[in-house]
Amino acid sequence: MLTWIALVIVVVMLVAAVLVLTLRSFVAAVAATAVVGLALSVLYVLLQAPDVAMTEAAVGAGLSGVILALALRRLGLWQLDDGDAVVLKPASGRAGAGGDADA
Amino acid sequence: MIPLSLETVSYAGAIGLVVIGGLGLVICNHLFRMLLALAMAESGANLLLVLTGFRDGAIAPIIGYGPAGAPLVDPLPQVLVLTAIVIGVGVQALAVAVLVRVYRSYGTLDMRELRRRMEGEIAAAAGIAAPGSAQAPLGQRPLPPVPDYELVRRSAPVRERGA
Amino acid sequence: MPMRDIASLVFSAGLLFLLLVIGAELALGHPDMRVGAEYLRVAGPELGAANIVTAILAGYRGFDTLGELSILFAAATAASLVLGHRRADARRDPPGGLVLSAGADLLFPLLLVVGIFIVVHGHLTPGGGFQGGVILAAAFFVALLANPARTLNHALLGWIEGLAGAAFILIGLWALVEDGHFLTPLLPLGTMGELVSAGTLPLLSVAIGLKVGAELAGLLAHLADTEAPDR
Amino acid sequence: MTLYAITLNPLETAAFVLLGLALLLALVRLVLGPRAPDRVVASDTLTVITTTGIAGLALLFDNPLFLDVALVYGVLSFIAIVAIARAIDGTGESRGERDGADGDRS
């Protein structure tokens, strides 16, 4: 049973890790980083390490997300994407800024 | 055949995280994405360390919970990883501060663009033309520097006069 | 796709395969515990802390924790130094809406209580100085998130941080005078599982919590105070 | 498994299967979500499901210590998501320009 839970969590973690590299929008990449921290926290719980799980939850999901989100604004990376956000090769620059015209 | 168990699945996850993070560090051109990849590789290493302390059928290393006499997992890797996670977030904050500074100075975080601008700035300060790429087509490649003996001879007395 | 990317892809795939093959040979799940088994056997009776991880972190390896605190201090100081001061006429982020402001006011006491709980019960339940410190820093940062124009008192934060760090070292020096070893746990152990037990470990935990909390709150406030570029 | 074996009754099994399905559905939204706000909301959904999952694991291990992890996780992931949302909020064409213009004038 624990194996299957771990399998689902590892799949979520690796998919989110690949998304961090391939998403064009940096806002979404930071959200995917938070998902990686979340999956790691559950894995630490499964590995019977509540202290490490709590640290990862507080630092990896909370504090690190806050620092990166603050950095997004200060680095001018918060522009929203246009649509086709998954690219084959890691995107580098800023995407078009008119994505939220229909919001 | 590798058996499918909690340990092997976690091991695969840790290795995958390290490899994806390392790959991102090499392939990505954007400094912020490299920071994200670095954080992921670090997390994978932490998971690997915690995994080394895990024992089958053992419970969390806190006395007084669970059945009496049950084995406890190895607490030492957990302590080391606790330290590593907290230091990792300190490093991340410092890296973000440096990135803010770089962005303020050069207006970009793309590695190629950043290198071009920095080389342009250095070249402007040195008073020479900005160098081109070594991988450019044949006609646009920078020529190897030729020592200019005339310039050396002319500049030597100037330095003497200044001293 | 340039040659360099293909080469790094191939290299990563090879590394992945190699590590997976090594993993098939490892004795995962049956570790050879030498130091860890000794800690598990000795830590309970010697330090009186139910949480062995905290016992090792603050008791047996307190010196490492002191080094970690100084690394964190150096990182926070360097980040503040690199970020520099804010221009007086720089644009601020607009304040959050009603929901966020009300939610921040409601969340602040909850976060404070959770943080203090985690710090104080560090020797009994999972948690301790670092985790509780992070939660305390988050508690003070939420108000800033709702209204960016608000500022934290950096001088007060600096005082708290300095006094907490000094308290950690003073406890260590006290142990040096009393027992001959730096950071040896002192004081009667009490009964395991009660709040006041485990000697000086809770005091060290509180010192770590205050220091980390003040440091990270100052760092987050400084980062939030940095001016954002215009579009 | 020595002293510590885990057995699940059918109800708990069903609960965990449902949690796993919810996790995978939210993951699909994270991968497919056409725009960045969709992905941020998917990440928030994942954190809520995971908090529930950690509480369920505390039940499974019969160990109340893991509830502390769920508590800390639930509180702090909320703050992180709010911070990410604040990074997007107030910067678009609709509201941020107006507010910023007002701030500049005063």
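Just so it is clear, A, B, C and D label the chains in written order, and each chain counts residues from 1 on its own.
Note that a residue touches a chain if its C-beta (ideal position, glycine included) is under 8 Å from a C-beta of that chain, and two chains touch if they have at least 3 such contacts.
Fair warning: this is a prediction, and the values are worked out from it, not measured in the lab.
**Q** Which chain pair shares more contacting C-beta pairs: B-C, or C-D?
**A** If we tally the contacting C-beta pairs, B-C comes out ahead.
**Q** What's the distance between the Cα centroids of subunit C and subunit D, rounded to whole Å?
**A** Computed value for the inter-centroid distance: 22 Å.
**Q** Whole-Å distance, subunit A centre to subunit B centre, using C-alpha means?
**A** 18
**Q** Between subunit B and subunit D, what's the gap in Å when you average each chain's C-alpha atoms?
**A** Whole-Å distance between the two chain centres: 28.
**Q** Could you list which residues of subunit D touch at least two other chains?
**A** 61, 65, 68-69, 72, 75-76, 79, 83, 86, 91, in rising order.
**Q** Would you please write down the residue numbers of subunit A that are in contact with two or more other chains?
**A** Each of 2, 9, 30, 46, 48, 50-51, 53-55, 58-59, 62-64, 66-67, 70-71, 73-74, 76, 89 in subunit A touches at least two other chains.
**Q** Where in subunit B do residues touch two or more of the other chains?
**A** 5-6, 12, 16, 23, 27, 51, 53-54, 56, 58-62, 78, 82, 86, 93, 96, 100, 103
**Q** If each chain is a node and each touching pair an edge, is that a line, ring, star, complete or other?
**A** Per interface graph, the chains form a complete graph.
**Q** Which residues, counting only subunit A, touch subunit D once they are in their complex?
**A** 1-2, 4-5, 8-9, 11-12, 15-16, 19, 23, 25, 27-28, 30-32, 34-35, 38-39, 41-42, 45-46, 48, 50, 53-54, 57-58, 61-66, 69-70, 72-73, 78, 80-81, 83, 85-86, 99-101, 103
**Q** Under the definition above, what is the set of subunit B residues touching subunit A in their complex?
**A** Residue list for subunit B touching subunit A: 4-6, 9-10, 12-13, 16-17, 20-21, 23-24, 27-30, 32-33, 36-37, 39-40, 43, 46-47, 50-51, 53-54, 58-62, 73, 78, 81-82, 85-86, 88-89, 92-93, 96, 99-100, 103, 109-111.
**Q** Mind listing the subunit B positions that touch subunit D in their complex?
**A** For this pair, the touching residues of subunit B are 56-60, 62, 65-67, 69-71.
**Q** Under the stated contact criterion, what part of subunit C meets subunit B in this complex?
**A** Going by the criterion above, the answer is residues 4-5, 8-9, 12, 15-16, 19-20, 23-24, 26, 28-31, 33, 35-37, 39-40, 43-44, 50-53, 56-57, 61, 64-65, 68, 71-72, 75-76, 78-80, 82-84, 125-126, 130, 192-193, 212, 219, 223, 226, 229.
**Q** Okay, in this complex, where on subunit A does subunit C touch?
**A** 50-51, 53-55, 58-59, 62-63, 66-67, 70-71, 73-74, 76, 89, 97
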